[in-house]
Each structure stands twice: as structure tokens, then as C-alpha cells.
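Across the two complexes that follow, chain A remains constant while its partner is chain B and subsequently chain C.
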Partner chain A sequence: MSQPETLNQAFELGYTYTRSTGPVIGRFLTALKNRKIVGIKASDSRVIVPPMEYDPDTAEELSEFVDVGEQGEIVSFAWVKEPRESHPMQVPFAWAMIKLDGADVPMVHCVAAAAESDIATGARVRAVWADETIGFITDIRCFELV
Partner chain B sequence: MSDEQDEITVINAPVYLKYNFTAGKAPARYLTQLKKGVLTGQRCPKCSAVYVPPRGSCASCGVATEEEVELSDKATVESFTIVSIPIPGNPIEPPFVVANLVLDGSNISLIHLLSECVNEDVHIGQRVQGVWNPESEWDYSMNNIRYFKPIDEPDVPVEKIGTLPVTGLEG
Partner chain C sequence: MKDIAIVAYQQSDSVSDAGAVNEVELIMPVLARTFEQAGLNSAQDVDFVCSGSCDYLQGAAFAFVSGVDALGAVPPIKESHVEMDAAWALYESMLKIRMGHADSALIYGFGKSSPGDLPTVLSQQLDPYYLAPLWVDSISLAALQARLMLDKGLITERDMAEVVSRSRRNAMNNPHAQLSGDISVEDVLAEETFLSPLRKADCSPISDGASAMIIATVDQAKAWGLPYVVISGIDHCIETHNLGMRDLTDSVSTRMAANHAGMNAGKVDVAELYAPFSHQELILTRALGLDKETQVNPSGGVLAGNLMMASGLSRIGEVFNRIVKGEAQRGIAHATSGPCLQHNLVTVLEKGENA
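Up next is the complex of A and B:
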């Protein structure tokens, strides 16, 4: 039996899931579609963004939605030198924890910047909205430095 | 807030797995032979079972398989299903028949399509044969055989399915 040649082929396996959002995340995404960002007030008065359905301390159901600002401050960040295909940007960018004005906890999103040295903890950023909003987290295309 | 019908209740959350598949030694050999229009299996040196497509080892004995066995493109229906519901991304129009077929000379089944048949008449033990694409279209693919179709040979008794030699029922 002769040595076979090496056979190699690219495959793609796709699972085209849709997921129910539930009422709270649904409200958050609906707000994004309308170019607004909402959080929810927890039992200790902290405003949590994105909103969660149950209180992180008491497990009580939460319902008091609060509008928060589309600007905020970088709490921490990680610079992505070589973006992957599935990343939201195909040029170097930062993943950042962003504490929006009016919120008490930070939210993860991407920040566009020309260079890593332009970004710093404490830097002010502003949401850049997508041209067309559909009710998804990518309605905020990215944040940019103010 | 927007009105009720604008409310977001579902999101699309697809997952795509992109990967490269490298055929191992045994499957590569199988596919290389398949490109030449030859179906080959591998025989276990311990239990004599012939595997197709071969994986290079016997799943029940746990030993390497090296002996190559040329198989027939005639087969016996071991089990089948009639697909009536369209499958996303699958170009074949239902209803169609998918069957586990045991090639003559092998002991385990492979899955392929049955066509040129009356779906309601398909049955276990039925004799079928591969209908090949034109030779110019042969590739490293089981799609070289478009489908299997029934042939005029007597049914194989259930207990004999998976025991026929390469020469088939008559041999």
C-alpha cells in the first residue's frame, strides 16, 4: 500500500440559533434600537448596565429602568493588536470596561483608537451608533475617545 | 418607549465553526481510491471485520487495520428513512430516502441516498447498486456516487446482512 497524499479541506458548520431575550434584555435592546442606553436600579440603588433581571444581592426581581448616558469612562481595557475575523473591528482596537454616566457598574464594549497609547484608564468615551439600528449590541458600533 | 410591535424579543445568535479537516492515513487512502472509482475498506487482523470508510483501526478490537479490501458498489439496505421535511441548506427536495447500506465485502454500513425507487417499496434486505457520476467529475468524495438504486436481485435475509462476500449474494 503506497503512502497516500495528504488531503485537507476547509469546512464550516453553522448553527443558526435565535434566542429569546426575556423582558429585561429585550427592553435594553429595544432602547438600543432607539439609540438609547438603559440600565436597571438594584436594591442598593446601584444602576446596572446592561440591565439584569434579578438583584445580584437579594435575588429580587428588578423592574426600575433608568436611562444612562451615551458617554462614559474607561475603567480598564485590553488592546487587541491583531483582530480576528469575528471581532467587531478589523483594525487594532481595545476591549474596554466602560462606566457610562449615570451607571455604577461598567459594561464591556469596543473602543476605536488609532494607537494603544491613545487609550488610558479614566479616558472619556462616547458611543458611536450604527447607521442602521436593529436591536442588537452592535447598534453601538463602538465607543470613541472624546 | 416604542410601541409593542417594535419591542425586541429575540436575537439572532448563530454559531459558526470553521475548521480544516485533514484526512488521516486510512481515510486519505480511501478517498484517493474513491477518486479512481474504487471503493475500498480495511480488514481487522483480529476479528476480520471490514470497515468502510476505514479509520485505520478496529473499533471493537482496538487494533490497527492495514489490509486493504476492494469492495463492490453493490449493497444491501440495512435500514432507511424517508425524509419528508426539508433540511436547511440541503438542496435535495423531499421526500427522499436516506439509507444505511452495507457494501458487499464489508461488515458495517455507510449512509447514502436511495433514488430511482418507489419510496414506499424500499425495505430492509433490498439489493441496491451505486449510480456513479461521469468519470470526468470524480473527486475525493462519496458524491462520486450520486445515489444507490434498487437492482433486480433477491432480498438478503436480515441475519445475512453484513456477511456477504465481495461477489455478493450469488457468489
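Up next is the complex of A and C:
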């Protein structure tokens, strides 16, 4: 009796859909791809970066975009002596809340610095862009001290 | 409206690594002791069961369903789950009773954090576009919060060390504590920073374990003949996920929840606060306006052992224990979730008959 033919079918695990990031987050990520940073005006006119879709206090839908600078000021920082495997840098660095020029609300990102003593609240930083920008928050590779 | 009371509470030891013991095996002994305390045999003897856990800790979707194996769910039981700390499972159970769909409920929470890197796992609860891709961990975010307070002069490193010292000393009387000892403020300050400005001692340990509670209407508690503690109020409030939009040096949502729960209607003898980092206990104490009349975290709090998804329920259980022992008449318990105290629940507990 002959062996039954083995049925084969190629299979690639993958998602058959793409996800839209929408008009607000999408606009921010598209701007990053173009090496620009945009924020949005809250109900009380404060500029939020990265932009939010709705005002957290009034629940108002937000739509007024504002270009902000790629430099800013450190509002708070945490010095990471021993980076975790998943962290964006594998040498000591800082996480920081950074208020960009033209923004009122600080954003969280990482800051490259040689030593903890080099960094301080109030220090000026500027965005360092990734070699290739793809429309992701990591298009800003990190911030560096000015 | 039916008054609701706690009649039993148990928790496991808080251990840094439970080894080969799986989640079901962590839960089962705790449930057995809880049923024994209430004079019940099994989950068949309560009207509703609700658990709290996090699938991210186990790394598999619907991993919480395996927890039901600890209950023996045949014949079928009415069961629910929250992907949150079990303090929120208590909240759901109270709604169930208030709606008249149950007169009693079993609540349990469990977490085995040791297999993964917990601070990294928690980074994945953050904003999926702006923060999660950066893998910013929970300790780093707490460190940002602590520095804001230090820079503004709201606290000093010594204030933080005092919280650590008191917690470790209080934990010497807590048989389930993971970290306890006679540690002075100077001992803490002598430690080098871990994730500056935080020292390791400022951070709660990573723990494995479970806790469980049985609640019932006061009428049911009386019928069972058990000492009970009345839950006179419970509420929870959440703040925006945008850390930059929050005042991280205050806890507005905790204060709102406490006001809604009726905390200020009487004296607070004891408060158990879920503060995973030392500076957060200071934020909470101030946000709630607690003074020297209130004993804060006599158990040692979560700096002595932090059972993810169970320690919020344990705070409530600890206050229940104090009131049953006669050490307090009235107390509050606080539970938290999310980065930098984003989401907060406050429960007010008062002595019932026989307690």
C-alpha cells in the first residue's frame, strides 16, 4: 500500500490588517518621520506634546496643532546606572521629562549624558534623530545636552 | 441599601521567588485558610467569586482562567475577573451584592512576578504609541516623580528614608513580610542610589504570593455568626495617562476617592496605603490629610512585600485584621494601579458587632 500524500501548505504568521493611528497621533508620528515635532492646544490653550486626542480635564476633542522646537528644558530626570535589556541605551543614561520650546506640558524621553553629574533639572537638551525615520516615537533616538 | 462587611481575610507569605510553585498552587492554600476562617467548605458556599490578576505577569492571554482551577468550579459557580488588583475585584463584588444578585462573595488576587522583569513588564501598560515603545520602566517613572518632589522642596531624602525605616521596623511584626528589620534612617541614607534619586530601599521588593477575602451582607455575616467589619464606603478615581498633564507631586484622585468614600465622616485610627515607593507614601498621607492620630502602614506596607494584583486587597485585609483584633475602631485602606499613582481606590472600614 502506498503512503498517503502529505498535504503541504505554506503559512506565514502575520497580521492581515494595518492599524491607523488616527488624525492626531498619526499627525505627530508623520511629523516625526519628517523630523519635525508637533503639539496640540488643550482647552486651556496649553500646548501638549506629544498631542492628545481629547483634553483630559474637559474631554473636549482637540484639533489645533502647533509646531514646537526640537530643543527644550529638563523638568525632571532619573539616572539609570544599569540599563535594562529593553532600554533604548545600553550605557548609563537618563529618563527625563522634557518641556520643548513652545510646549507647556513635558514629554517623557531618554537623554544621553556621560555622567549623572552632567545632567540637572533645568538643563537644555535637543532631539537627536534616528538615521532613518519611520514615523515612530523612537525616530527621536534620544535627547542630548546642548 | 444592604450594608456589606468583611468576614474573612488571609494572605500568603510574600516571597521573592516561589520557585516551581505555580499560580494555582499559590492560591489554593490561601483559599483553604479563608474558607476555614469563615466556616465554609468551598466556593459553592458563596454566591459570587471575583479575582484580580494580570496576564502580562504570566505572559499568556487568558492566563487568569487557570486560577479558577484553585476554586473547583464544578458544579458551576458565578465567577468574574478583573485585570487589576483584587481591590477592584472587591469593588465589583460589592456592586454585585448592592444590585441584589448576591449576598456573599469570595475575592482573591494573585501574582507571580519573579519569572519576568517586572519593571519592564509594567512598561507595557503605558501609552502604546508614546511610551511603551520606549520601554520606560515603572521604577524610572517613580524616580522622575521623586525628583520633582525633591526639587520643589516638598520632601527630602531623609523624609523618604524615614518611611523606609518605619516600614521595615513595622514589618517585623508582620509574619508575611518579605523585607523587615531594625534599619535606621542613617542606614538607608548610607545606601548608594539605585535609580537616582531612588535607592533600592525606596522601592518595594518584587514578590510572589496571593491573598483572599470573603465579604457578605451584614445580615449574612450575622447568620454565619462571624465577627465582621463593615465596609462603610468605597470609591476609585483615575487620572490621565499623560504623565506631563498630571501634578505628580499630589494625588488628586486619591483625595477625591477618599471624599466620595466618606473618609472624613469620622476619626481614622489606621491607614494602610499602597505606596510602592517611599515618596509615594508621603504624597498619599498628605493628599489624604492624615495626621499623627492615624497609624500609617502598621503592617510595613508594600515596601515590606509587594504582591502585584493582591497587595491592594491586602491593604484592606490588614485594616480588617486591626479592627477585628480591637486595635482600631475605624480605618481606611488605599489601593493603586498604573504609573506614579495614576488610579486609586479608597475603602473605609468600621467595626461591626462582635468584631
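Just so we're on the same page, the second predicted complex is superposed on the first by the 126 of 146 C-alpha atoms of A that agree within 3 Å, B and C clash if a C-alpha of one lies under 4 Å from a C-alpha of the other, contacts with A are read in each partner's own complex, and residues count from 1 in each chain.
Methods note: a residue touches a chain if its C-beta (ideal position, glycine included) is under 8 Å from a C-beta of that chain, and two chains touch if they have at least 3 such contacts.
Keep in mind that what you see is a predicted model, and the values were worked out from it rather than measured.
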Go through the superposed model and pick first if A:Arg141 touches only chain B, second if only chain C, both, or neither.
neither
Touching A:Lys41, do we find chain B (first), chain C (second), both, or neither?
neither
Who does A:His87 touch here: chain B (first), chain C (second), both, or neither?
second
Is A:Glu5 touching anything from chain B or chain C once the two structures are fitted on A? First, second, both or neither.
first
What is the contact status of A:Leu29 with respect to chain B (first) and chain C (second): first, second, both, or neither?
both
On the A-aligned overlay, A:Gly14 touches which partner chain: chain B = first, chain C = second, or both, or neither?
first
According to the stated criteria, A:Ala96 is in contact with first (chain B), second (chain C), both, or neither; which is it?
second
Same chain A residues contacting chain B and chain C, which ones?
21, 29, 136
Within their complex, state which residues of chain A touch chain B.
1, 4-21, 26-27, 29-30, 33-34, 135-136
Show me the residue ranges of chain C that touch chain A in the complex, using the header's touch definition.
117, 119-120, 123, 129-131, 133-137, 140-141, 143-145, 147-148, 151, 193-198, 239-240, 242-245
Along chain A, where are the residues that touch chain C in the complex?
21, 25, 29, 48, 50, 52, 56, 75-81, 84-88, 95-97, 105-110, 116, 121, 136-138
Which residues, counting only chain B, touch chain A once they are in their complex?
1-2, 6-23, 25, 27-29, 31-32, 66, 68, 88-89, 140
